[in-house]
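First chain A sits with chain B, and in the next complex the same chain sits with chain C.
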Partner chain A sequence: MRGMLAVFWKEVSDHMGSRRFLILFAIIGLAGLWATYVAAQSIRSELASNPDSRFVFLRVFTSSSGLLPPFVSFIGFFGPLVGLALGFDAINREMSEGTMSRVLSQPLYRDSVINGKFLAGVATITVMLLSLILIVSGLGLQLIGVPPTQEEMLRLLLFVMTSIIYIAFWLGLAILFSILFRRTATSALGAIALWVFLSFFMVMIAGAAADAAIPVNEGSPPELLVRNANLRQGIMRMSPTTLYDEAIGTIVSPGVRTLGPVLVQQVQGLIPTPLRLSQSLNLVWPQLTTIVALTLVVFAIGYVRFMRQEIRA
Partner chain B sequence: MLLKSCLARSLALLAVGVLVTLMVFPALATAQPARGIRLLPEFTSIVIGREDDARLTVRVANTGKDGEFVDLEIVSPPSGWEARFSDFSFGLRGVYVAAGKEQEVTFRAKPPADAAVSDYTFDLKAITRDKQVQDTLRITIGIQAQGATAEKVQMVTLYPEVSTPAGASIQFNIDLTNQGRTDRTFELVVKGAPQQWTTSVEPAFEKKQISTISLKAGETKGVNLILTPNERQAPGDFPVSFTARSGSVQETLNLKVGVTGSYDILVTTPTGRLNADAVAGQESVMALVVANIGTAEVKGISFSSTKPDGWDIKFEPEKIDTLAAAEIREVSVKIKAPDKTIAGDYAISLNALGQRSSSTKDIRVTVSTPTKWGAVGIGIVVVVVAGLAGIFVRLGRR
Partner chain C sequence: MADQAIIDATNLSKVYGELVAVNRLNLQVQEGEIFGFLGPNGAGKTTTILMLLGLTEPTTGAARVCGYNSAREPLKVKRLTGYLPENVGFYGELTARQNLMYTARLNAVPEKLAVSRVSEMMEVVGLPDVGDKKVAEFSRGMKQRLGIADVLIKDPKVIILDEPTLGIDPDGSARILDLIVDLSHRRKMTIMLSSHMLYQVQRICSRVGILVKGKMVALGSVDQLGKKLEAGKTTLDVEASPATPELVDSIKRIPGVLNVEKSGDLLTIAADKEVRSLVAKAVTQTRSALLQMRLQDYTLEEIYLRYFREAH
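After this line comes the complex of A and B, so read on.
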């Protein structure tokens, strides 16, 4: 345990001091703050015309001003990049620089190295996200003057936790790539390629595959349209990006009632009111558990690979 | 000489002619008779009640060329009658009438209390003081059994029978006329209305309660009798009498108020809460209350609901045969939303439909989705964590 802590603190201080991390943090921070500021302006005028609307504070994070996407979208977009940046050279750089064998010659278990590196990455992500959320919350409080309710704080906490685990997934994936590939450039490019594929191409592939399997046009019966949409959504959900977007969208927007396509019969008599937190959680429970499980699985694969790896000087 | 004698003869003839003419037609010298009086009546025959005074205006006309002093007398009036000429305040026996003028006098006749029902004749005579010129006038006065204009108050209303729902007020517009000859104050009494009712008498066009009203002789005033049956008055017909009384003079108007039953039922929840919780695919029970807030019994109340497709809403009991006035009955409602319901709030309405009355209540149902898959998700995570722990144990500490 002492060995792991030594690795952990060393890695955290490396991360915090690295230019790579500072640049990413600055990008996300500035973009997020700017988006929040612009969104808060529109919330303020909206609030003046409709003062009894609920979950005002959460809108600081979910409102978009038209020009800029909302704060949560910035996190969803840049979060994976932070994870990748923190992990893509975690192992193979030490290998190529020859420091790994020197570290392992210390009285230190081998799993302490990978555990310490992973946890240090998670801690860095946590610090970054928490500080960002607090800054944005403070800015939001300053701009709209409405304090968050207990439920809003709970939803924000859930948002932060989900985001940490999601970014930890990309961190784990990057560490796995740094174990699999000897060259840092290869592991970086591989990880980014996978991110691009899962984030952007998955949407197109899902649409194309669903249309190929169940061809539909405007005149198709609703059952067919629903099956097509369900298939496309099912394919897209193979990507953790989709899972994260769905989970976060539901957690920070209490008004979201359902994620899939909906038949007209299902919305009869439906009153557009926000869901309770437990119901929102219930709705995205599969997404949340899948993200947690994926993160653990990716880390476990990297762990196993690292423990079995031959390390030569 | 011849001419002279001719002229003299002509003049003589003319003078003779004038003389003859004057002798044959003396009227040419005086065109009117020197004196003449007439008695000119307004009416010659009237009918009165036994208690009434007969009053007649008679004009004494002088047709002569000189003013005349005329004595007036009633020739042998029927026995018991008090008959005389009078002005406004005093009796008359003679008048002076200027030439060509008329003088109005009033002839009064008061029958005896026991006057028989019959016609009585009065000969009125006008004669000049020197008894040279006179005129007579015969007037007939008939006595009727009932006095045509006795001391009496008359009450008239246009609608003596009015219906109203319980709780709403009704108004009888009554015109009171004092048909007597004296001014009187009438006491107004309402009888027959049930005690719980609100009763008031108001003058027409005035907002104040009165219990008496003053009427001058012959005057007519309107009063409004306002009755308000109490809210819970059972339906039925209620006779109400309205009496105006002043001494022995009184009149009663019989009115009828029909109270119609009100049919009104209300559906609500015992707690007043208008939302319910339900789990998709599971039956949940909520209590409903049906109250008869009308005054009449409501029969055959059946229940229905407006709900989204696929929902199942059952009422227990399904029907209420009779619900007496002011009765409250509890009904349990079983709500089942289909399995695939999207979580959140839904609007349903629960309706009760009885004869002549219905009520509906909108309820918001908050549907939660069952959490059975949540356990599966946790199970998967637990398995993964266990797997990771297993790997740690097998591969760690190397």
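After this line comes the complex of A and C, so read on.
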């Protein structure tokens, strides 16, 4: 335990002072502030015409305007990069620089090293997200003058927790790559390639595969269109990026009532009321549990590989 | 534990797939000794050391350090043993002091004691003024000495140094060796160091073991070894034309022949008794011409240097 804490604190201080972390933090912070500012402008003008809209404060994080995506999208995009940046050289750098065998010849269990490193990454991510949320909330409060309700705060908290776990997935993946590959350049490129694949190519592949399996055109019957869309979505859900986007979209936007394709008949007559928090959670429960499971699984694979690895200088 | 060896390996073996890296090794190092572990590159020195520290599992056999089984209680062994790895590394972006403080924390040395011990050890190894420099700026010799300071932070009973003078100029090597002797005398530490350089080891070690291809071929004090080998074993240089593989085979079958090495027409035969007439007979039987036969004195230096040359 004491050994793990020593590793943990060393890693945290390394991360907090590392250039790559500070650069990413600065980029996300600036982009987030800009997005918030733009969102707040449009919320203000809307509030003027419709003073009793609900969930105004949350919209600071979710409104987009023009070309600039909302704050939550910035986290969804840059979060994985932070995870990768914190972990891609966690193990192999220590191997190639010969520090690992020195550390492991001290009286600590071997898993203290990987646990300490993983938890330090998670702590760094947590600090980063919380401070971003606080800064953005402060700015939003200044600009729109409407404080968050209790439910909004809960939803924001859930957003932060989900994001931490999601970014921890990428951290775990990066650490796994740093165990599998001896060279840091290889592990960095491999991890980024996987991120690009899961975040961008998956969408195209899902579309192409769905169209190949269930060809559709404008004149197709609605049932076929729904089946095509369902297949597409099913394939995309193999990517944690999709799961995260769905989960976050529902958590921070109470108006989201369903995640799959719907037919016009199904929504006719429904009053578009926002969901209660418990209902939103019900909707994305599978997404949330899968993200948690994926994070645990990548970490566990890395853990086992690391425990079995022979460490020579 | 009065008469028990501090380092005690019995029948220690490590097999990597087909390769037997360490082969039924037996080794005892007594308290207060400086033990030299000699062998060419790839002999299995590092593998043996890793097993002694519990950093890798032996395939068979057992290692005990300070009475603890290295495979079963590695943490107890590591608490009492300082290990300087081959090519020791430090965090380049941290200062020397920060690096050593990290080691102290990993050993749960109380913070205050750690601070004073770090300064003390930096002084012991002759680096009193560079504590606040980043290690990235250190020369190889400095890093190696910092490595020794690092090993001392936990106040170990035993220290194991893997190739401590590798890649360091003669002057730097001499300083490191003097430092090791000093540690042994003043701090009464038991020291085991591996090296492929006979002269260095000979100079400071009370006892040496020579490891070749995973097997301990000699073990004892330096003087003792030289004599024993001279008395017990001989080496023949034989030149035969042509030196066919059949000839090599038939010489290998002669009782007493330990090993035959062939380079061109020159055969080097290691034997533990008089085999000259039988070798001559084997040469003529395979219809080769015996051009030359010479008996070598089988001294410690010669065997060692031969293995050494061959490994490079």
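Going forward, the second predicted complex is superposed on the first by the 313 of 313 C-alpha atoms of A that agree within 3 Å, B and C clash if a C-alpha of one lies under 4 Å from a C-alpha of the other, contacts with A are read in each partner's own complex, and residues count from 1 in each chain.
In this text, a contact is a pair of C-beta atoms (placed from the backbone, for glycine too) under 8 Å apart; a residue touches a chain by one contact, two chains touch by 3 or more.
As the structure is a prediction and not an experimental result, all values here were calculated from the model.
Enquirer: Superpose on chain A as described above, then tell me if chain B and chain C fit or clash.
Expert: After superposition on chain A, which the two structures share, chain B sits beside chain C with no clash.
Enquirer: After the superposition on A, what does A:L108 contact: first (chain B), second (chain C), both or neither?
Expert: The answer is second: A:L108 touches chain C but not chain B.
Enquirer: Going by the contact rule set out at the top, does A:A300 touch chain B (first), chain C (second), both, or neither?
Expert: First partner only, chain B.
Enquirer: Just chain B (first), just chain C (second), both, or neither: which does A:Q142 touch?
Expert: After superposing on A, A:Q142 lies clear of both chain B and chain C.
Enquirer: Where does A:V292 make contact in the superposed view: on chain B (first), on chain C (second), on both, or on neither?
Expert: The first partner, chain B, only.
Enquirer: Write the angle, vertex at the C-alpha centre of chain A, between the C-alpha centres of chain B and chain C, to the nearest 10 degrees.
Expert: Superposed on A, the angle at chain A reads 170 degrees.
Enquirer: Is A:S131 touching anything from chain B or chain C once the two structures are fitted on A? First, second, both or neither.
Expert: A:S131 sits against neither chain B nor chain C.
Enquirer: Thinking of the overlay built on chain A, is A:S53 touched by chain B (first), by chain C (second), by both, or by neither?
Expert: Touch partners of A:S53: none, neither chain B nor chain C.
Enquirer: Which chain, chain B or chain C, ends up touching more residues of chain A in the combined arrangement?
Expert: Of the two chains, more chain A residues are contacted by B.
Enquirer: Quote the smallest CA-to-CA distance from chain B to chain C in the superposed model, rounded to whole Å.
Expert: 7
Enquirer: Residue by residue on chain A, keep only those touching chain B in one complex and chain C in the other, then list them.
Expert: 109
Enquirer: Write out the stretch or stretches of chain B touching chain A in their complex.
Expert: Chain B residues touching chain A: 306-311, 340-348, 364, 366, 368-369, 371, 373-374, 377-378, 380-381, 384-385, 387-388, 391-392, 395-398.
Enquirer: Give every residue of chain A touching chain C within the complex, in rising order.
Expert: 2-3, 6-7, 9-10, 94, 97-99, 101-109, 310-313
Enquirer: So in the complex, which bits of chain C are touching chain A?
Expert: 46, 50, 53, 55-56, 75-76, 78-79, 81-83, 85-92, 102-103, 105-108, 147, 150, 154, 162
Enquirer: In their shared complex, at which residues does chain A touch chain B?
Expert: Listed in rising order, the residues are 109-111, 257-258, 262, 265-271, 273, 275-276, 278-279, 282-283, 285-286, 288-290, 292-293, 296-297, 299-300, 303-304, 307-308.
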